[in-house]
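Okay, structure first, notes after.
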Amino acid sequence: MEGKGDLILVVDNVTVFFGGLAALSGVTFGAVRGEITALIGPNGSGKTTALNVISGLRKPNRGEVLLEGQRITGMSPHEICARGVGRTFQNLQLFQQMSVLENVKVGLHSRTRTGFLRAMARWPDMKREEKWVHEKAMAALKAVGLAEKAHWIAGSLPYGDRKRLEIARAIVFDPVILLLDEPAAGLNIAETQKLGEIFLSLREKGTSMLLVEHDMNLVMGISDRVVVLHYGSKIAEGRPQEVRRDPKVMEAYLGGELPHA
Amino acid sequence: MADQLLQFVLSGLTTGSIYALVALGFCIIHNATGIVNFTQVDFITLGGMVMYTLFRQVGVQQWIAFPLAVAAVGVVGAMVQRLAIRPARSKEVIHLIFITIGISIVLRGGIKQIWGKASMALPPLSGEEPLRFLGATVLPQSIWIFLISLAVVVALHLFFTRTTTGKAMRATASNPRAASLMGIDSNKMVMVSFLLSGAIGAVAGILIVPITTLAYDVGIMIGLKGFAGAILGGYGSFFGAIVGGLCLGVLESLGAGIVSSDYKDAIAFVILIMVLFFKPSGILGKGESTRV
Amino acid sequence: MARRIQLMILGLVALLVAAIPLMVTNPYYLNVLNIVGLNSLIVVGLNLLIGYAGQISLGHAAFYGLGAYTSGILTVTYGWSPWLALGASLLFSGIVAYIVGRPTLKLKGHYLVMATLGFNVVLNIVMVRWEEMTGGPSGLAGIPPLRIFSFSFDTDLKNYYLIWFFALAAVGASINLVDSRVGRALKAIHGSELAANTLGVNTSLYKAVVFVISAVTASLAGSLYAHYLGFISPRTFDIFFSIELVTMVIVGGMGNLWGNIFGAAFLTPLPQVLHFLEEYKDIVYGAILALMLMFVPEGIGGVISKAYTRRKMRNLLSEET
């Protein structure tokens, strides 16, 4: 597997079976630190399954996942998060009844310590921690442009804002790698553009990203590398321009060319 | 020793058949609505009570009173759905479950009002003389229980596989949205499921009460154990309800006979807890895969 | 509602609670208020479990009973001092709750309900059948009252202050807990367990801890009950009481702490109030429950809090324009 720079994430020969069907078959790819790696493929190619395996929501039948060289296969999702993996969901898993700000604060759970007893007794350390949590959360909201709606109830937000909230929640703890599951789904061109800008500024700060997307404009516009899955296998990997011209990829997308970036 | 064992197994199969029927009642409503219907326990009691009134007080012949009582309780079941479930503002499972709990309290209160708190006796369907069978004694009532339960199961099977309503119910259970898009009235399906579980509960009650005596709360233990049987067999599965109910009955009987009869009632629930801890999907259920 | 405001309300309620016995001296009413206090204590814990962690338990009467019987048996049969017995029963209940809770909480929805129900039934049967230990169906008598040096909590009035002290302390702890990192994590689990996990919340541990906390508060209430009345019997700790407890939570509004206290205050004396209806009281009680859930499923507390949130949102939105 080629690639310069060190690999922050390695998916090594991962196979996942659903009943008799292989959602992923011996898939191997890597994400380079500081880059935006896109994971694309037609529906059903296993992209979300791959994200689920990486974030610990599903154990692979075979294969390993390495984060910064350490094996994270089979670890529970919260442990994997604590190691710096952030994730958004395709079908949005917001905490509907909580406020926007509270949603983001939950994202800092792995970086804070106040437990049951300390909370009940209102331990002095807690005040300091809460202040820090508040500031970081507001900063994350500002980064995605939701700061004014901090006290809105998450369930009352319009769709575009919800997607951004989910991102704010996933980045607030400064993850080393951010897994994005179709963040642009349902957004219009202007909103997608803004999303791209957010991702690029995250990359500036050194956050690596693994982006699962269908919106080819976004993918071609911001990715450093692209990995293509089809029916659970990897069929191509490389720079966006190379992958665009790959005949296997064009065939996978039903004989059409990928749209121009 | 072998005689004793056979005795336990036979008596276990008797109560097991009752548990199986009750389990089916829970199963049908669960598949149609996703809820646990607590009024099921009162359908059991009501079956016995209405039968008692028809047979003992009005003087209707036993074999006519039986289906009448079953039909009457079926109607009660349908009314529970129509009057309490359908108008409910929230369709959330937890709310509906507690509505059934409230209605169950109402029904029990009503039963206490109409029939009083004292225990009553309902005679068995045929004689009282126990029969001998391979060294064990069997009550004739037990034979009726086996036969009628089997008939009910077969009838239900035919209903769900051969009749339009039955198939419509299965469709609604498996995909409510698609079913309603095809013109199936989900409210009606739910009402039918309540009607059926009322009828089945009544059958169970009428069959078992001659053995256990009749009182306003007789359905509670039977109902809960029937539910435990449903979970043991694999919740939501028709076949599982039957297998689970029978197994539970036998295990309970063996446990009471061999280990201790003092704690007989606890056995069913200990089994329930064990199943939930180690294999919640039950005997027939496929293991739950971690889904996202 | 902001924590500050809630704590102020707590302060006012505490004053009110402290003042009530000055006006109400009839021991019968004090007894009812004491039971309300005990139920409130249980309900505070249950509210965390149901309203925040989103797990329904229909077996909390079992922990109430476990606390009562452990305290009762240790003091009556083994002569332990009441406070020591209370501490031991809290520890015991906590351990039992952890052992039962860890596997049970992995279960979804009604599996969890049935497991807790089953647990309650089994424990209740043991209370009835294990006569040598528990005194069987006729119960356990002669439980000594709690004492601080020579001051004995042996009247309705003295127990009133003791019980409500614990109840209000529990409310305070709960208010603090909910407005904290832990409270957020619990609400997150309720909102989307999946997301909570991927955001770093150890959901299985948290659910188990909340279960243990709710069990321990119920157990505390049980011990207080035992030392207050001096006599306990299995009938108090059956599944119907578990159902009543959850009803208090639902009628009050799930997740709504003050609503639940109101639920306890409203539903505890209700059977007594309905007593004049005699045979009809079950029917009326059940009807109230069913009707409330049919037409006001969010509970009284839910209605109030929805109105509050709507006003708040309206204010926020009008600030925008």
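Per-chain numbering from 1; labels A, B and C assigned in written order.
We adopt the following convention: a contact is a pair of C-beta atoms (placed from the backbone, for glycine too) under 8 Å apart; a residue touches a chain by one contact, two chains touch by 3 or more.
Small disclaimer: the values here were computed from a predicted structure and weren't measured.
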The chain whose mean C-alpha position lies nearest the overall protein Cα centroid is chain C
At the largest C-alpha centroid distance from chain C we find chain A
Chain centres from averaged Cα atoms put chain A and chain C apart, in whole Å, by 41
Chain centres from averaged Cα atoms put chain A and chain B apart, in whole Å, by 49
Per the C-alpha centroid definition, the whole-Å distance linking chain B and chain C comes out as 32
Among chain A residues, those touching two or more other chains are 57
By the touch definition above, chain B meets two or more other chains at residues 292
Going by residue number, chain C touches two or more other chains at 194
Chain A contacts chain C in the complex at 55-57, 76-78, 80-82, 87, 89, 93-98, 102, 105-107, 109-112, 114-116, 119-122, 126, 129-130, 133, 148, 151-153, 156, 169-170, 173
Chain C residues touching chain A in their complex are 173-174, 176-177, 180-185, 187-188, 190-192, 194-203, 209, 213, 309, 313, 316, 320
Touching chain B in the complex, chain C uses residues 56, 103-104, 107, 109-111, 113-115, 117-119, 121-122, 125-126, 129, 194, 243, 246-247, 250, 279-283, 285-298
Note: in the complex, chain B contacts chain C through residues 35-36, 84, 87-90, 92-95, 97-99, 101-110, 112-113, 224, 227-228, 231, 235, 262-263, 265-266, 269-270, 272-273, 276-277, 280, 292
